[in-house]
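Each of the two complexes below includes subunit A, the first together with subunit B, the second together with subunit C.
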Partner chain A sequence: MTRVVVVTSGKGGVGKTTTSAAFASGLALRGYKTAVIDFDVGLRNLDLIMGCERRVVYDFVNVINGEAKLNQALIKDKNCENLFVLPASQTRDKDALTEEGVEIVIKELEHMGFDYVVCDSPAGIERGAVLALTFADEAIVTTNPEVSSVRDSDRILGILQSKSRRAAEGREPVKEHLLITRYSPKRVDEGEMLSYKDVQELLRVQLIGVIPESESVLHASNQGTPAIHLKGTDVSEAYSDVVARFLGEDRPLRFVDYEKPGLIKRLFGGK
Partner chain B sequence: MSLLSLLFGEKKKTASIAKERLQLIIAREHGSASHGPDFLPALQRELIEVISKYVPVNPDDIKVQLEKQDNYEVLEVNIVLPDNRD
Partner chain C sequence: MTAGSPSRMIEFRNASIGATVAVLRDARPAPLADELHKMLGGMADFFNGEPAILDFSGLSAEPDRIDWSGLISMFRRFRLQPIGVRNLSAELVAAARQAGLAQLDGAELAAPTASPTRTAPARVDAPPPPPPAPVAVQAGTMFVDRPVRSGQQVYAKGGDLVLLAGMSNGAEVIADGSIHCYGPLRGRALAGAQGNTAARIITSNFGPEIVSIAGIYKTFEQGIAQNVAGRPAVVRLSGAGREQKLDIEALQLD
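And then the complex of A and B:
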């Protein structure tokens, strides 16, 4: 049984693609056959984050239009044996995606025996974003602890509850998970940033993880390596925890408490 | 917290301002999404029909709106009757 997971947020720049890449890689590392689809037609970026931009020949729109077979367009990931990337088209506009086309592609991935299909949603609440969540069984709502991101996440939650297939057909609703990214325990401690508890209280969605603000994310995108592969970094650990919780394991939250630097550290510097 | 902020008093933490603002805006947006559009247009239409039987009114002069106040809602109906003294 294939599970479709949408990574969405409403607002742009909060870490949807970083999360899609890390999360899909994490599922593959756990042995699940996973596909990650870029729904951002016209502004594709998942290929860059996954480091496969030079291997893109056919894309999602080519498959929908029957110009290529799905297995011609799927790119095998360089780090994980059972992970495949379906890039978005860079030259078409967002109207090139159709609900029927997306449904056919997802059905075909099901027939190919994929365990998980991760849909990387574009920002906004228009066609691309709605199509990315239409077929979802679960949703990872990516949110920064910041007013506009929280409000937009609330909006996208409303859209999930009204426009997904599950909602339209009156089935069990899409399972929602809240992922807080770019979290700075120091600023929360100083009262400058909403805490993860505040955000969760506002959005009332089960928290699946907190990803700390970190330099590693830029290192990861610079090299085209999903952040989960940067062993030993807090971001990699935090994403591994997210994947574990998604798979039903119990993991305590990490990287959410601020430790005040001691005197020596303050005198001699250090991160 | 620096010595200066201790001396000159603390400004309100911005995170708590953010939370208060979000609580208000989210509650308001949920309110307008779950009520308004459902029955208000139909109610307005029927009110116009009934009132028109007795007094000639301009459909634009009937305003119906729902306002949320704490834990109860107020249905406000505003009807401007034509000036028929002449």
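And then the complex of A and C:
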């Protein structure tokens, strides 16, 4: 059975695309045949993060309009054997996606034997975002530790429970996971940011991980390599933990505590 | 939610109390239905069965009578559930009440008129007391198992509302009876929406933006009292007439 996972948030710029790329890569690294779809028609970011922008010939909208076959549009990832990217179109307007079209593509991915389909949602709570979550079995609600992001995630959770197919058909609700990204333990410690516990308390959704704020995300996107491949970095480790927890493994939370510089360090500086 | 421009015959706004407000420039069902059909043509389920307040401030002249049952069933066809009216003269409000709609004028207007206890002295120009409202026990209780999220609304018509997973900031729940909330009560909670002054709001974790019982509101711009913030609490209405006020008390749960 194919599982459809939407990476969503309501708010823009919180790390959905970064997460979609890392998470889909992580599933593929674990041996699952995975497709990652860019629903952000008009912006088209995912192919840049995945480093396949020069290989885009056909896109999601071409497939929906019958101008290309799905297997012509799917781009094989350069890092993972089992991973395929379905890019968004940069030129079309947002109405190019239709519910029927999306459904046909997802059904076809099922027939092709994909284990996971990861949907990178656009920001907002309008059509594009709703289409990205319509067919979801699970949702990774990506949230930054600040009030406006938490509020938008709350809204999208409501939409998930009212507009998804699972809701419409009265099936078991979409499984919700809370992912907190761009987390800075230091700023939490200084009271400038909500703690992950605050966020979880506000949203009351199972926490699947906390991704620290890190320069390596920028390096990764400049290189066109999903952050999970940057071996040894906190971000890569944190995303690997997320994938492991998603697959049912137990992993303790990491990178959430701020260690105040000790007395020696404060007196003498350095490491 | 905004659909349509001010020149339209009907315009939708987010109410200051949360439910969708439909500002009507015509009170006749047929032309409104045409207009809604035009506005929502391809989106039959644009509204999700959400509660709506019909606002008549946009009428150029108030008609002598309004076809309430026609109006209500017309809105229901478009998946809107009229629960109340505002900006309407006392004569028409009386008929609206007969049709099961509450008077829901803004917070500042609500206090004097929206407390129709059968024994309370009516103001001189107040509408006649409504027919006996459906009581909670008869209408039954509405249970909500999942959190009520920001932007969502729940209306327990004629009865009590039980929230088993709390509610978020930006959400709104309305009950004609009492509201029982297990988990955080964080958005807007309006009990006794049809004027039941005996309704209460009970929660295991008090942190709302607004509470209201029978149209008497309380907001919390200055914060919530220490003894109840984030703790079990009960809200009830005390006093009569202009002295009516909401009391919030800590609740001992164990």
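Here, the second predicted complex is superposed on the first by the 262 of 271 C-alpha atoms of A that agree within 3 Å, B and C clash if a C-alpha of one lies under 4 Å from a C-alpha of the other, contacts with A are read in each partner's own complex, and residues count from 1 in each chain.
One rule holds in what follows: a residue touches a chain if its C-beta (ideal position, glycine included) is under 8 Å from a C-beta of that chain, and two chains touch if they have at least 3 such contacts.
Just so we're clear, the structure is a prediction, and the values are computed from it rather than from any experiment.
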Which of subunit B and subunit C A:L202 touches, first, second, both or neither: both
Subunit B versus subunit C as contact partner of A:M193, first or second or both or neither: first
Touching partner for A:V57 - first (subunit B), second (subunit C), both, neither: neither
Which superposed partner A:L218 touches (first subunit B, second subunit C, both, neither): neither
A:L157 touches, of subunit B and subunit C: first, second, both or neither? second
Partner chain(s) touched by A:P173 [first = subunit B, second = subunit C, both, neither]: second
Partner chain(s) touched by A:L247 [first = subunit B, second = subunit C, both, neither]: neither
Touching both subunit B and subunit C, residues of subunit A: 151, 154-155, 158, 202
Contacting residues of subunit A [partner subunit C, same complex]: 125, 151, 154-155, 157-159, 161-162, 173, 202-204
Complex contacts: residues of subunit A adjacent to subunit B: 146-147, 150-151, 154-155, 158, 188, 190-195, 198, 202
Subunit A-touching residues of subunit C, taken from the complex the two chains share: 48, 146-152, 165-166, 168-171, 183-184
Sites on subunit B touched by subunit A in the complex: 1, 13-16, 18-19, 21-23, 25-26, 29-30, 33
